[in-house]
Amino acid sequence: MRESEAKTMIVAMQDHATEENIQLVIERMVELGFNVHRTTGAVQTILAGVGTPDHFDVAEFKVLAGVHDAYRISSPYKLAGRSFRPEGTKIKFPNGVVVGGEEVVVMAGPCSVESHEQILLSAKQVAAAGGKFLRGGAYKPRSSPYSFQGMGLEGLKLLRDVSNETGLLVITEVMEISQIEVMLPYIDCFQVGARNMQNFNLLRELGHVRKPVLLKRGIAATIEEVLLSAEYILSGGNYDLMLCERGIRTYETYTRNTMDISAIPVLKKLTHLPVMGDPSHGVGIRDLVPPMALASVAAGADGLLMEMHPNPDKAMSDGAQSMYPEQLEKLVAQLRLIAPIVGRKMA
Amino acid sequence: MRESEAKTMIVAMQDHATEENIQLVIERMVELGFNVHRTTGAVQTILAGVGTPDHFDVAEFKVLAGVHDAYRISSPYKLAGRSFRPEGTKIKFPNGVVVGGEEVVVMAGPCSVESHEQILLSAKQVAAAGGKFLRGGAYKPRSSPYSFQGMGLEGLKLLRDVSNETGLLVITEVMEISQIEVMLPYIDCFQVGARNMQNFNLLRELGHVRKPVLLKRGIAATIEEVLLSAEYILSGGNYDLMLCERGIRTYETYTRNTMDISAIPVLKKLTHLPVMGDPSHGVGIRDLVPPMALASVAAGADGLLMEMHPNPDKAMSDGAQSMYPEQLEKLVAQLRLIAPIVGRKMA
Amino acid sequence: MRESEAKTMIVAMQDHATEENIQLVIERMVELGFNVHRTTGAVQTILAGVGTPDHFDVAEFKVLAGVHDAYRISSPYKLAGRSFRPEGTKIKFPNGVVVGGEEVVVMAGPCSVESHEQILLSAKQVAAAGGKFLRGGAYKPRSSPYSFQGMGLEGLKLLRDVSNETGLLVITEVMEISQIEVMLPYIDCFQVGARNMQNFNLLRELGHVRKPVLLKRGIAATIEEVLLSAEYILSGGNYDLMLCERGIRTYETYTRNTMDISAIPVLKKLTHLPVMGDPSHGVGIRDLVPPMALASVAAGADGLLMEMHPNPDKAMSDGAQSMYPEQLEKLVAQLRLIAPIVGRKMA
Amino acid sequence: MRESEAKTMIVAMQDHATEENIQLVIERMVELGFNVHRTTGAVQTILAGVGTPDHFDVAEFKVLAGVHDAYRISSPYKLAGRSFRPEGTKIKFPNGVVVGGEEVVVMAGPCSVESHEQILLSAKQVAAAGGKFLRGGAYKPRSSPYSFQGMGLEGLKLLRDVSNETGLLVITEVMEISQIEVMLPYIDCFQVGARNMQNFNLLRELGHVRKPVLLKRGIAATIEEVLLSAEYILSGGNYDLMLCERGIRTYETYTRNTMDISAIPVLKKLTHLPVMGDPSHGVGIRDLVPPMALASVAAGADGLLMEMHPNPDKAMSDGAQSMYPEQLEKLVAQLRLIAPIVGRKMA
């Protein structure tokens, strides 16, 4: 991996920067471990640094005297980059389901586990529609301390039970390091929510686990930041990682978030990791979920994570964005037709 | 249209607002033309105003003494609302092409008209791929005064000539009132660019024209603001209007803009006007245009406006986001398969 | 506190919604614990719900059949609201410093604790300039796993030692529940970083601690969300809480973040909690820190949290936004003159 | 000005890009007029182009085969840059008032001219408080076609009359090219609103006028785009130009816009043009205007543009953000004390 550690930075000096300024910048670059190539123009000098410094911050160079601007050329991530594994990552699950291969995978279920009856019915409906994973929150991150906070361990047990019964895999959110051990016996995939995308201690711990992880994009995270957070998990040795676009915060208030569909093909290009779409959080309005799910797969998503509830009008959380079971069924039928047009098929 | 003029506003008073404060708010509401319905709770009073005031501003009520918050209930637009024409608007063009009906329409061509040779070749390639409109700028809005500003009248003539030759319709951007008259003989559809979405004088003039208009969403415009701008054109009597999502500005810098695919189904719900997608400006990177075009149609777009150039690497503007002719051809072939899955077909 | 639990919601039905639709909405409101007041207009019906439901989600009502829109009237937070403690919260520290009173307090120091020499020199410079708190990270949240991650416990000890020596108080960031116990003996104030503003488990634990907490606004957090996060800490019984504006993410890339100065007077109006400004993270460029610090105090801030490093060009993190010691000194001198103009004085 | 036309671009090739790819990039750079300096590393090649091309688009290079990324080094604007006139631009008005010098100038008045009585009273109150310009809209850009659109020519005459009477200068908004001639006899300064910041035809015309112009930042405009728009006016020969920060659109909805106070010191660094602040539009809430006005001047603004109305509760537009006369008076008194602390004084 020696090569991927080579880093390049460009420092463009101001027109007529003094030689003293230029020398101070070169000195600092060399100190960090760069070899410096200098292009001296009639009015402007450009310094290109190439080397293997441990870490460096372009912002630091931008404020040095005489500097016009500074640019990091090489990617700040290594293991997440497409070139690390050009053929793409395939995550294999116990029952033979593969995420990241030819097949597009549907993960669905209610926002929260509420009762045995509710989650069993959900599981049956997801399985009947063609879903492969049951989603459902046992631990719920809620903006208000006065909202329903989830069933905890009891919820995990229910998820495992009904999934065994229906042949589904279990994906559910982990919010905190201490929950990892508790969850391991019950789940097939950890989900890291948008609010924890930069909870680096949690990410580091998930790097040491040997269970797949789905990492959601933070509500204001750039694509580069998603890949840097992925790097935390990968650098711990856990390569069974998938990413998930779930909407970003913009000025538009009609939808809960603005789902950045273009992030799907962009991520597919930049990284070897599978990329999912979550239209439920992406838009937050039930009737917009099917069109956005179709759009996600048309744009190249490896799968979908969606909320469906047997009775969304009575859901204890996120009812407004949960599909009716019949909506999910109709949607998956449409997805079966769209997938082949973009060279895929439904799992 | 009497009913659509009925307006409703809610004013929620602060807990324990004084009776004097409440009376002053009621007085101001009545003055504007509202009938006021009062709900007096143990701690909080709610005032609902219903009536037909000429205009009012909720912000004004939010800052009155004793007011907790104020809400406009009814839509601020009338003619653009879906209920004004529930069956949807169909725009019929001379050669029989209809926008807003069952068929999905492709409009394509280079960013700018550069020469007879370039635009003729473009037209042939667009027609061959299955496009129905030739796009191409004669007047170019450029961020820098030092960039190429378009061929003007000469460009309009070229557009008309090659379109006649290839059986295409012409759509091109109008930037200013004085250009309207100049353009009329040469074009089939006016395009209002994102930067002019709130150039109200221009919109008002276009309301008096009897040629179809495509109105692009501004780079920071809310969906409601798009509909209010549409209202300027509709209220002048020009009902041949279509809207176009072309990306909004967010914090993400990897793409030129963030294309808000969800705006397509949202607009289809809120208004009777046809809704187009412009993935070229939406993302600004050639290879992302096809996936975003597929996503737009999967999400319900009535058509696509896209940049294609016979030789994008030599384009005088926007080369980076212009498709190669063969990309357009392949894309339309895929669109032909996707359209029926969402109940449409390609024009 | 009975009154602050009274909640109000407005549901505006669509024009000509059916009586059946209206009855279903009323039923659901009653089920949740609302008393419903109905205003029946010629075309539109408005339902005002008043009551003490445990929790409810307006989004759920927005998607019910026949509903035009739904509005939450009462604030979703209770303990953080200005009306809970109209006179404002004053946080008293061991050495007599008070945050939230008449005095404006300066907290300054390097981004990271790097060595005994560096942090001792920093402390002396902060004290000499008139600062009352020494800031410095022992645990560092870094976007990249390859960046310097802080000195940990060793850093905490150094902070305590040099603060004792210079008469300063210690404020430093807590990133994770397990660090709370470790930090308690060494610090005077916990700092919750922007990335952890919605790490609800961490917030809940900090509610059970008896040490002051400074809670930073998340990079994409609304003002309401800041107050809901504050509620997590307050509802655990820890009232020694201050908030901090530190820049939000927008489309503008010249500055690291866009510092929302207006959030300072807005928060002062909405909550009784002290409000700090962090211009270092707010803009991320050294020379912009002094003007933004002056602006913060002119706009009503109760204090400032800023980065200063004895030798910012050699800092191990955030050097570009760290002031030189002489900049801090000059700034505090200016603050001494500005504070009285807005009715304050420097601590 | 030969030097300022020298432009620099960096193209960083992908690791192991082929020699063929590299040669094609070099060829294209040379074709545009660049001299190319090549740095060949073990894994990566960097190309620095220096020259005087007429125009070029880095986006075009970003999508060429084998290219990792491309960067424009030199500023895309010339005349607006600080280095063009390092001492700063001072705009001199007929009555001796200077904008851009040592003095901080207050411009105030109602959103719209409504009547002789209203505007005369406004002028007297502005003059009494210490303002130097009377602002007031004769032509109003309104989001809705159903809102009050201004008094037009009649409004211009009233502005002139009452200003003559009170010794104030007149600043008012121009929305369209045809209004320029109409306005010239009545006004002292053209104001270009945020919605017209990229109405390039209007800007070009204002470049040919010999009257000062105040150009507002667009609601989603980057700082670089503001300077490019300024370039349109400057390149026409009109150097009496000032810029104005008036709030940008973000996800925060509590305030009407998010006023980017940091844009003031950033612009002061990048350009020689005077920089104003408009806290009325910046936040949109009356009681927040004074703290944001103080913050603007503390951060280095050359002046303020603010809404004040003799009776804001009855204003025909923007009443919610218009100050009461006594608020303006108190504010200017505070400004008199703050200005000297940042090396200025009030005009």
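Read from first to last, the chains carry the letters A, B, C and D; within each, the first residue is number 1.
The working rule: a residue touches a chain if its C-beta (ideal position, glycine included) is under 8 Å from a C-beta of that chain, and two chains touch if they have at least 3 such contacts.
Only a predicted model underlies this, so the values are computations on that prediction, with no experimental measurement involved.
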Contact-richer chain pair (by C-beta pairs counted) among C-D and B-C: C-D
Of all other chains, the one whose Cα centre sits farthest from chain D: A
For chain B paired with chain C, centre-to-centre distance based on mean C-alpha positions, whole Å: 38
Whole-Å gap separating chain C and chain D, where each centre is the average of the chain's CA atoms: 31
Chain B residues counted as touching two or more neighbouring chains: 220, 249-251, 253, 287
Residue ranges of chain C touching chain B (in the complex, touch as defined): 3, 6, 8, 10, 12, 15, 37, 39, 41-44, 46, 48, 50, 68-69, 71, 73-74, 83, 249-251, 253
Partner chain D, residues of chain B touching it in the complex: 28, 54-55, 57, 59-60, 62-64, 76-77, 141-148, 175-178, 195-196, 198-201, 204, 218-220, 225, 228-229, 231-232, 235, 249, 256, 284-287, 313, 315, 317-321
List of chain A residues in touch with chain B within their complex: 220, 222-224, 248, 250-255, 258-266, 269, 282-283, 287-288, 291-292, 294-300, 334, 337-338, 341-342
